[in-house]
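Next up: the structures, one after another.
Common to both upcoming complexes is chain A, partnered first by chain B, then by chain C.
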Partner chain A sequence: MNILDNYQKNKKNIFFTENKDVQNYREKLLTIFENDRFDRKNNESLKNINLKNFFDFKYKYLVPEEISVINNYQDDNYSIVSINGQCSNFKDDKIEITKILDEDYNDFSKNNIIEKNDHFVNLNSLFLNSGFKIVIKKNNNIKIKISNIVTDDALTIFQKNNYFCEEGSSVSLIEEYENKNNSTSNILNVIKLEKNSKFNHFLIQDNSPNHNLIITSHSSCKKASTYNQKVYNFSEGYVRNFHYSKLLETNSEADLQGIFFLKDNNTSNNKTFVKHLAGECKSNQVYKGILNDRAKATYFSNTHVDQVAQKTEGYQLSKGILLSDNASYFSKPELKIYADDVKCSHGSTIGPIDENAIFYLRSRGMSKIAATKMLISSFINEELSSIDDEQMFQTIQKKLVRYLSKVK
Partner chain B sequence: MIIVNSETLNTLDSYSKNKYKYGFVTDIDSEKPRKGLNEKIIKYISSKKNEPSWLLEWRLSSFRKWKKMKEPDWANLNFPKIDYQDIYYYSAPKGFKDKPKDLSEVDPKLIETYNKLGIPLEEQKVLAGVAVDVVFDSVSVATTYKGELEKLGIIFCSIGEAIQKHPNLIKKYLGSVIPPGDHSFSALNSAVFTDGSFVYIPKNVKCPMELSTYFRINSENTGQFERTLIIADKGSYVSYLEGCTAPKRDDNQLHAANVELIALEDAEIKYSTVQNWYPGDEEGKGGIYNFVTKRGLCAGKNSKISWTQVETGSAITWKYPSCILKGDNSIGEFYSVAITNNYQQADTGTKMTHIGKNTKSKIISKGISLGKSQNTYRGEVTFLRKSDKARNYTQCDSLLVGNQCGAHTVPYIDSKNNTAVIEHEASTSKINEDQLYYCRQRGLSHEEAVSLIVNGFCKQVLQELPMEFAVEAQKLVSISLEGSVG
Partner chain C sequence: MFLEIKDLSVKIENKNILKSLNLNINKGEVHAIMGPNGSGKSTLANVLAGKEDYEILNGKIIFKDNDLFDLNIEERAQEGMFLAFQYPVEIPGVNITPFLHSAINSKRKRMNQDEIDNLSFAKLLKSKASDLGINIDMLKRSVNTGFSGGEKKRYEILQMSILNPDLAILDETDSGLDIDALKIVTDGVNKLKTKDNSFLIITHYQKLLDYIKPDYVHVMVNGSIVKSGGSEIAAEIEKDGFQKFQ
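After this line comes the complex of A and B, so read on.
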């Protein structure tokens, strides 16, 4: 079913259809979809994907019957179960969780769009059917864990989450995506950091082959705030990780990192984009990928340094290992620099596992497979060893062992 | 620190006022038809050049393709729309039909022009031992050392002459590397190309001298549509030099050349360019639009193609000398220095397509931005499925002088082979204050110090140029910085 039909038939299920501004914005989006040629070659958001799966879909959404419970254990730890993208309201002196509001929607569509041609974000805005807003209150230090659960088959979830970190707050957020049904989740996170706040964001993605996950995040940092993101992608289904970061005021930092493990026919598209809009900020973008069988991956990274953003430090690194003849990896590490007193660099490598290293290990009695596995583990060791949370470390370790067991 | 900074400002200021040295016009009457692009003008060009009918047909079909095409718009460039109907597509110096057989018969004014540029033909002939195929407004005027090259069986002539004398080679290779339908500028060039060079090196011949062409755009509103074709047969070697300077003009001039290189088994082609077209004045008025397509095909095993370029001129540079590494063990290299100043915009880089096994490529790119210019490196490295053990190394560094310019790096890396290895690194920074301080402490003036550092920054590329060019290129880099600093 095409996009327009889907939209008109399912209006009752879609958020904010009454709001005038939202309506106007959606009208615009509809015309964009109507006129676009879906140029897969030049539109980064469309590379390597099956257009029919994503733009010719059947809309289906179920409002969850049971409302999720928010547990608060050991004072600063919160555990949230989000069902089909929704969760119940909650309020204490540290955080406040509410349903997403139309003003948040309008704020995003007016101020935060970095890329107009991102069809997945446009789809999200058009069909929005779930989402919540979390405010972390001033000077609090908390941990949140969110399990994202999709209850039924063939659902299309379009979710917008807003995170707002008040001044001096610090939050560590672990998000888990482990779904076994063939649904599609299109999630957009908008994260706002006030002065001196800190946000550590972990995304653990491990879906079954038919579950598609599209995650886009837009973070913006005010003075001396820090946004760290780490993505661990073990999914067997399609995953798209597009993460944008804006450094609005001085001394702010953004660190966007990710590792992905692909096999079979799996595809993953990744993008990180850091926009330096003030001086003395730092950014870091590191993605590492391991591709087996016929897997395909893309990684676009981009550092944009505005004319006023002097004394910027911006680094990018992308590394890929191809384990099979039929795997392919595309990377585009871009620098756009309009200020002169900056230190920016990028590095990118793609290749097989170092044969000399394999030879060394084999000459010491290891089998070829054991040597390969050992070298893959060491390739991402840096990313794993930096995990503080013991429980999370164990989870990821387990997933890694599972992936390695399939490597031949 | 403060002293250095204020000096930097002064130097920038004075640099931006540094006038284009080669801005003069030789007054030679040009024979030209009307402006505009249509089938009639293509037929006119073809009949003027006395071309066979298959070539006219080829031109016309390219023109039809062009009509359906849009200009490529992915480059990081801003310029007003080109009015293709407001350009002359053919002009030849008067009296071309009685072509002089000797340099002494050449129009003295023409000789004078080159003297002003510091490349006197006569002297070059004697001192450097360089055969020069001079292109002056689309038509080749003088070719030296032809006899000597003929003895070795080397063909070095204008493409117009080659069409007459070696139609089989032309028919076989023209458009084989850059198909007319590749993009709109290649289609345009294929439709209206007027002149350019043709080189054929026979089997196992090492060309004893550097072949060289000096291009000059001289007539107002004349787009130059050069077509260069170089074929190196099995086991041969050739080094080709291309250099450009253009007189000062206010109207933008379009330049859309196509250069095709073909290296067969064990052959090597080295192609060096120093490009110094008129870049426009300090307000960004005027200047050449340079949309060049350069592509080399390493067709045979163990072949090698090496591009070296020093780009200092043109208001707009759109140029991606590329290599298609088809033969096993073939090698592609790209060395580039691009300097932009005032309102210049450069979007340049390369494309390395690895098809054969054990193919290797190396990319070294240095960009220097000054004034209000934008300098972009855009490069693509592709490993196709069968390119086992292929290897690429890319390094692109940018230097920013002043805070109103921009330096951008846009690499595309695509690997479809798991034994191929690619390494890419890039950095962007300004001139290191510590290095400046060190040089100044040892008694160098600010200008000398910057010039030294910039020359050091570019050295990796400049040393790849042949001797004849290295001197000119170094001079050019110094001239580009002269007055800009100190």
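After this line comes the complex of A and C, so read on.
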């Protein structure tokens, strides 16, 4: 895997390559790639994937010709179309959106991350070619919808987005990923929440079989702020959701949830990681998966409680239904607790659909297939019934019906 | 003959449970099967309902002129067979309304009848629940989830009254019920009794049969029916236990 050659060949098309600090940073990243053995057995980020597809790729990026739309169609609602990871600048009294090109490099360099064990994040930093920054201004409450469009086949999007919620602000962000081409999107979201702010983040993923989506997020919460994330993965292509939260100050909360629906030979790797670095904070990590055919998934969850983080409440749960003997779901919950006054728990339940429940429903006259579909729907009922946005609820329902129509 | 079980032998995991069992039930009759623990009573109920864990070694079952083994689980239910479970399964997230609505319409479809619309079904469910003293709020909860033993059994009878089966099999419906709950449940069963339907009641104790009067009582021991007769057999068992039949 010659990532160095790939980088050297394409660096004129990659952001910030003229900057000395960036050059030094990327030198370090390249060294990591050169020295790593790409151990698929022990490296969580490499499980179940074809290394050649992701690390021996042909770099291709197209600067979008169309101008993406930012439409403030109602006072507090913003609709953004991000094309190949880019969008236009926009500013009003509630929100400010800045293209990565126009942004001072220093703002992005603060978020430079070197991951010893996560080559996808390092790839993103190395080949960065798109992204934007969104600031939600103090004490404002807004809704944003972002449609992430990839225009062409064989593109390699390396996108970095920064979100900054000023004090007392509240945002509900719905992101849609519905791409039909055989491209790869590697997206890193860095989300910062100031005091008393709230971020409800919904990610609806529904790409075609040849589109790879790698999403990583790093959220950090200051005092009494809340980051809630819900991932709905219906993609037929590879999806990776790795989401990290840091609870920096007291009374902050992180809720990282996801559901995924896999079939055929599809794979999805998932990870949530919450670091409690202050007392009286709460976290919740819940992922549920339904796997059919030869689909494979992993879910790693981790709660780290620092010794100063007394009165922590941390909860983890992983549940999975295997609809086929050939499907597999590997789940590994972890707790690392260095404080003594905490309430933490974790649980994991994975298995075939409950045959006793199927028998019960069939004994009332429902067909086996109808009973199976009803039980799948009930498995995620809690997640569906908690969706407040009617339009989003309908969207998710339609995708669920489409998935269920393939269940035999 | 409404239900004819002939020379039925069944095993599960290399253990023979039912051994050359014979039983005939006519339309409008109430039959009770009594027997000690492990005699095969629940196996018989499950085999009739179509549970697939069992291996049929021998025999046949005719139900309403159908060879029962030609029908799968849902087809048996659609033909009018109903099993009230000894341990009703908890199904979190499944509400009784869509579930039973779907079930009743499957049955009607098989009978070439029009489907019941949402509104009519909701009215029917509400009225039947009220008859059984089931609180309307309970209908909003997931099937059997977090219910007490008594609530589960009442829920079974509610389902039975909605689906209005031709043959209802009550598998130890009295287990775990206090006397008040037993009365409510048995009242519900008695209301459903007509000359056109039949009941097969499986129980350990005579108490249930004080409330639902059987036409025939059968004693089942070691996978076979060893004695059949009227209500006097139940009284005999209540007095002397099952020892003398073994």
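One rule holds for everything that comes next: the second predicted complex is superposed on the first by the 392 of 408 C-alpha atoms of A that agree within 3 Å, B and C clash if a C-alpha of one lies under 4 Å from a C-alpha of the other, contacts with A are read in each partner's own complex, and residues count from 1 in each chain.
Methods note: contacts are C-beta pairs under 8 Å (C-beta built on N, C-alpha and C of every residue); 3 or more make two chains touch, one makes a residue touch a chain.
If you're wondering where the values come from, they're calculated on a predicted model, not measured in any experiment.
Contact with chain C, but none with chain B, is seen for A:379 once the two complexes are overlaid on the shared chain. Residue contacts after overlaying the shared chain place A:368 against chain C, while chain B stays out of touching range. Contact comparison for chain A: of chain B and chain C, B touches the greater number of residues.
By the touch criterion defined above, A:351 lies against chain B but remains apart from chain C after alignment on the C-alpha atoms of chain A.
Shared contact residues on chain A (touching chain B in one structure, chain C in the other): none found.
Those residues of chain A lying in contact with chain C across their complex are 354, 356-357, 359-368, 370, 374-375, 377-382. Residue ranges of chain B in contact with chain A, taken from their complex: 74, 385, 398, 400-430. By the touch criterion stated above, chain C contacts chain A in their complex at residues 49-52, 72-74, 76-78, 82-83, 85, 88-89, 91-94, 98-100, 102-104, 106-107, 142, 159, 163.
Looking at the complex, you find that chain A touches chain B at residues 42, 307, 310, 320, 322-352.
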